[in-house]
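Consider the two complexes below, in which chain A is the common component and chain B and chain C are the respective partners.
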Partner chain A sequence: MRVRSSSLAKCNRTFSWVSRRLRKGLPVAAAALLLAPVIVLAQTQIYDAKTRTWVDYDSKKARQYYARNKQSPEAFRRQIVTFRTAEPPGTIIIDGNQHFLYFVQPGGQAIRYGIGVGRDGFGWAGIVRVGRTAEWPVWTPPAEMVARDANAAKWAAGMPGGPENPLGARALYLYAGDQDTIYRIHGTAEPWTIGLDVSSGCIRLNNDDVTDLHSRVQIGAKVIVLMQGAALYKGI
Partner chain B sequence: MRDGAGCGVFVVLLSVLGAGTPVLADDLKIAMPNWPSGQATAFILKVAIEKEFKQPALVQEMGTLNAFAGLEKGSVDIHPEVWQPNLTDVIEKFVTEKGVVVLAKHTVPAWQGICATPAAAEKGITDITDLSDPDKTSLLDTDGDGKGEMWIGAPTWSSTGIERVRANSYGYAKTMTLVEAEEEVAMAGIDAAVATGQPVVFACYAPHFVFDLHKIVRLEEQPHDAAKWSLASATDPLWIKKSSASTAWDTATFRIAYSTALASKHPKIAAFLEKVDLTPEEATAMSYALEVERQAPLGYAKAWVERNAARIDGWAKP
Partner chain C sequence: MSREEMKRGGRALLAVVGLLSLGACTPAPPPPEAMARTTLMTAPADLQLLCANAVTSSAGAGVKVLPTGSRLQPDGTFAVDLDAGGKKYSCIVDNNGSVRSVAPV
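What follows is the complex of A and B.
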């Protein structure tokens, strides 16, 4: 797998403390609040059972929803789904378009987790592996972020793991061969961002989910990153 | 579909064969492509040849163009699965003109074209001409630019370039973004699309395990018309622009190829290769066993050879 250096830098530098805009026009699978079917629309939408309409699910609405329900909409909650694949159990498949991470299980099933992705996604597709993992990982902001963000500058030497740490409760470090790609699957201090394209880089799960995934995954597990919008795809 | 061009890395399967396995000068070298039926056949030939002729054989992964170059140079003896018409240009050069490669007579019928997930078919995408209808292809848009996206093959496959030619000739290159990626990534994408009911179209071929995993629909198109296919030589950097192909692929086949030198050096093995009569059903089963059941190629091959012992003995008889 080849990874563009610009993509690497992008993922590493875009950790942020706030959610930003949705990627314009990016279709994603809508999240169902109740039992509504998943559909494709120009941005994340969820089904409002009261008004019986699909409504945009942006950062503001996500915060409101989370404040009311203390959890993400149903489609983004951890669940077992039917998933027929040739990939072996233990494989991770990341579908950034639909904001799902699949952990393949035996018997044509997978555990599906809701994810938040970077505003520009990964910017690549391909096959990597889980090189190592960490519990309550230290986060070190990149130099350029330290230079422009006083909040990040406080942690130039590394922010200890904890509930406010942007990497959340666990991190899975993705490697190409023996090389760290700088991409991570990690938790978040902003659980309402699950289901959104936010400015923070890499792939984020809520802390319960990343802890669950961490407990199941094996070092060396195959990770397939699907094409997230072909315009972003530059090859592997 | 395979017929990987380029991808010049000569990877010895140390994990399969055992690190440190010495490569002896008189070992037969079998080129292994990067698709599952070809991988399984490579190992079946290895195991069968070693059993019948006590001749050590080494399986090495490489792209098809490198394999043909190796067949000419003597560094490769056998290619298990050469697709036609995909490699017409290469076959013309190495088989017809130079006479350094022999195509075994037995062919396995195959198919290639464009497929759709059930959701795409339900939304009315059932014919290749639908891919030129912006109202329909907008359903396949995954990046918000108004055009649909479709996987057309792995970067190393020569069929991928031909699918680009077809998209230009049919006109859907204007309404679809053509994406190249490794097959594993593309197939995982199909799995995810089917799991969530997303409409997707993609280049596909049979025999292939995807037809066993999902209810995949083959898009209709006009039957192959040789007069409407004009492919420039792939050695020309502008061959895609200079080519046209506005009907379905010709009926595809694949077969074993071996070097002319092998026929001289090991005529009994060459005669054996001529008798190998695999079927499309067997190729599908191989694909499913390796990709879906995750069987190791060597172990699968050993079991296959054991199950088909009498048949293989027959192939080896003069």
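What follows is the complex of A and C.
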């Protein structure tokens, strides 16, 4: 089949047009790629002593670890650590990115607890205080949670306290001034989630740890919440 | 000692030196309390708060100072971003807890 010369010319013109555009656009595209901000997604990792490597710690890995060991990885278990701060003993500091809650002690130390924090888009930061506390609290999901989550909607009138209650054994209610922030530090019915970004913004500890913290904390205690990439701020 | 024996001895010595080098290159595992980390490489909370304390001295009493971000620097120090009543500050702190610099942004 012979190609007509007019068609060939048209093809050639089209090809040349495309080539010119590519030649102009390629440096721009390359520059855009180089200058575009690198989006770093946060990922928790734990050290695997057997393979001597750092491995990603996600929901699946957390469930497997907890099923095998009946507790969280050692880094997320309650322990005394060195903590250099001018904040007085009794202050609570939450490091949401590293998944730790520190309860400041005298002598440059703190009790460190492992925590679960808000999932992507639900993280928050600020300076608040413990307004009140409760044992085996009733869980009443906030209106926005009822609106988006069918599991929360069926408990809109309040779920009684108990082992299946999402707040677990204890709750510390966080206030900014005299206003309830709706955020709590609480226990959990899902202890394998410690070390993960899972909640709607509340800070969760396993029930043994939250019971220990509750026994030490004073009403009015200052709570500093550190979270890089927070979606909102409270108390500042 | 024959040439063959010297060659065998030399190869054995090289093997031992190689193994020792590999062992020296393998980093020591972290202590158990440090066996969790975030890929974000944020500064430890106490170092962030040391920066906050340093900013409070500049910003004045009564101003709430909150670290809002941090990152590891190539020299091993941490850069910490802070908010002091709406005013932004930048702080550099090292792992010994020494605040190297504080400046308004």
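In this text, the second predicted complex is superposed on the first by the 168 of 236 C-alpha atoms of A that agree within 3 Å, B and C clash if a C-alpha of one lies under 4 Å from a C-alpha of the other, contacts with A are read in each partner's own complex, and residues count from 1 in each chain.
We take it that a residue touches a chain if its C-beta (ideal position, glycine included) is under 8 Å from a C-beta of that chain, and two chains touch if they have at least 3 such contacts.
In this text, all values refer to a predicted model and were calculated from it rather than measured experimentally.
Trainee: Under the stated touch criterion, which partner chain does A:Ala67 make contact with: chain B (first), chain C (second), both, or neither?
Mentor: Touch status of A:Ala67: no partner.
Trainee: Return first, second, both or neither, reflecting whether A:Gln79 touches chain B, chain C, both chains, or no partner chain.
Mentor: A:Gln79: touches chain C, not chain B.
Trainee: Return first, second, both or neither, reflecting whether A:Tyr102 touches chain B, chain C, both chains, or no partner chain.
Mentor: Once the two structures are laid over each other on A, A:Tyr102 reaches both partners.
Trainee: Look at A:Ala157 in the shared chain and tell me whether it touches chain B only, chain C only, both, or neither; answer first, second, both or neither.
Mentor: Touch partners of A:Ala157: none, neither chain B nor chain C.
Trainee: Report for A:Pro88: first if it touches chain B alone, second if chain C alone, otherwise both or neither.
Mentor: first
Trainee: Residue by residue on chain A, keep only those touching chain B in one complex and chain C in the other, then list them.
Mentor: 40, 42, 81-87, 93, 95, 97-98, 100, 102, 110, 125-127, 224, 226, 228-230, 233, 235-236
Trainee: Touching residues of chain C toward chain A in the complex: what are they?
Mentor: Against chain A, the touching part of chain C is residues 26, 29-30, 32-40, 42, 44-50, 53, 64, 66-70, 83, 85, 97.
Trainee: Residues of chain A touching chain B in their complex?
Mentor: So the residues of chain A in touch with chain B come to 23-27, 29, 37-38, 40, 42, 81-88, 93, 95, 97-98, 100, 102, 110, 125-127, 224-233, 235-236.
Trainee: Residue numbers of chain B touching chain A in their complex, please.
Mentor: That would be residues 139, 141-145, 149, 151, 155, 177, 179-182, 184-185, 187-189, 191-192, 194-199, 209, 213-214, 291-292, 294 of chain B.
Trainee: Would you mind writing out the residues of chain A in touch with chain C in their complex?
Mentor: Residue positions touching the partner: 40-47, 49, 52, 54, 57, 73-76, 79, 81-87, 93, 95, 97-100, 102, 110, 112, 114, 125-127, 195, 224, 226, 228-230, 233, 235-236.
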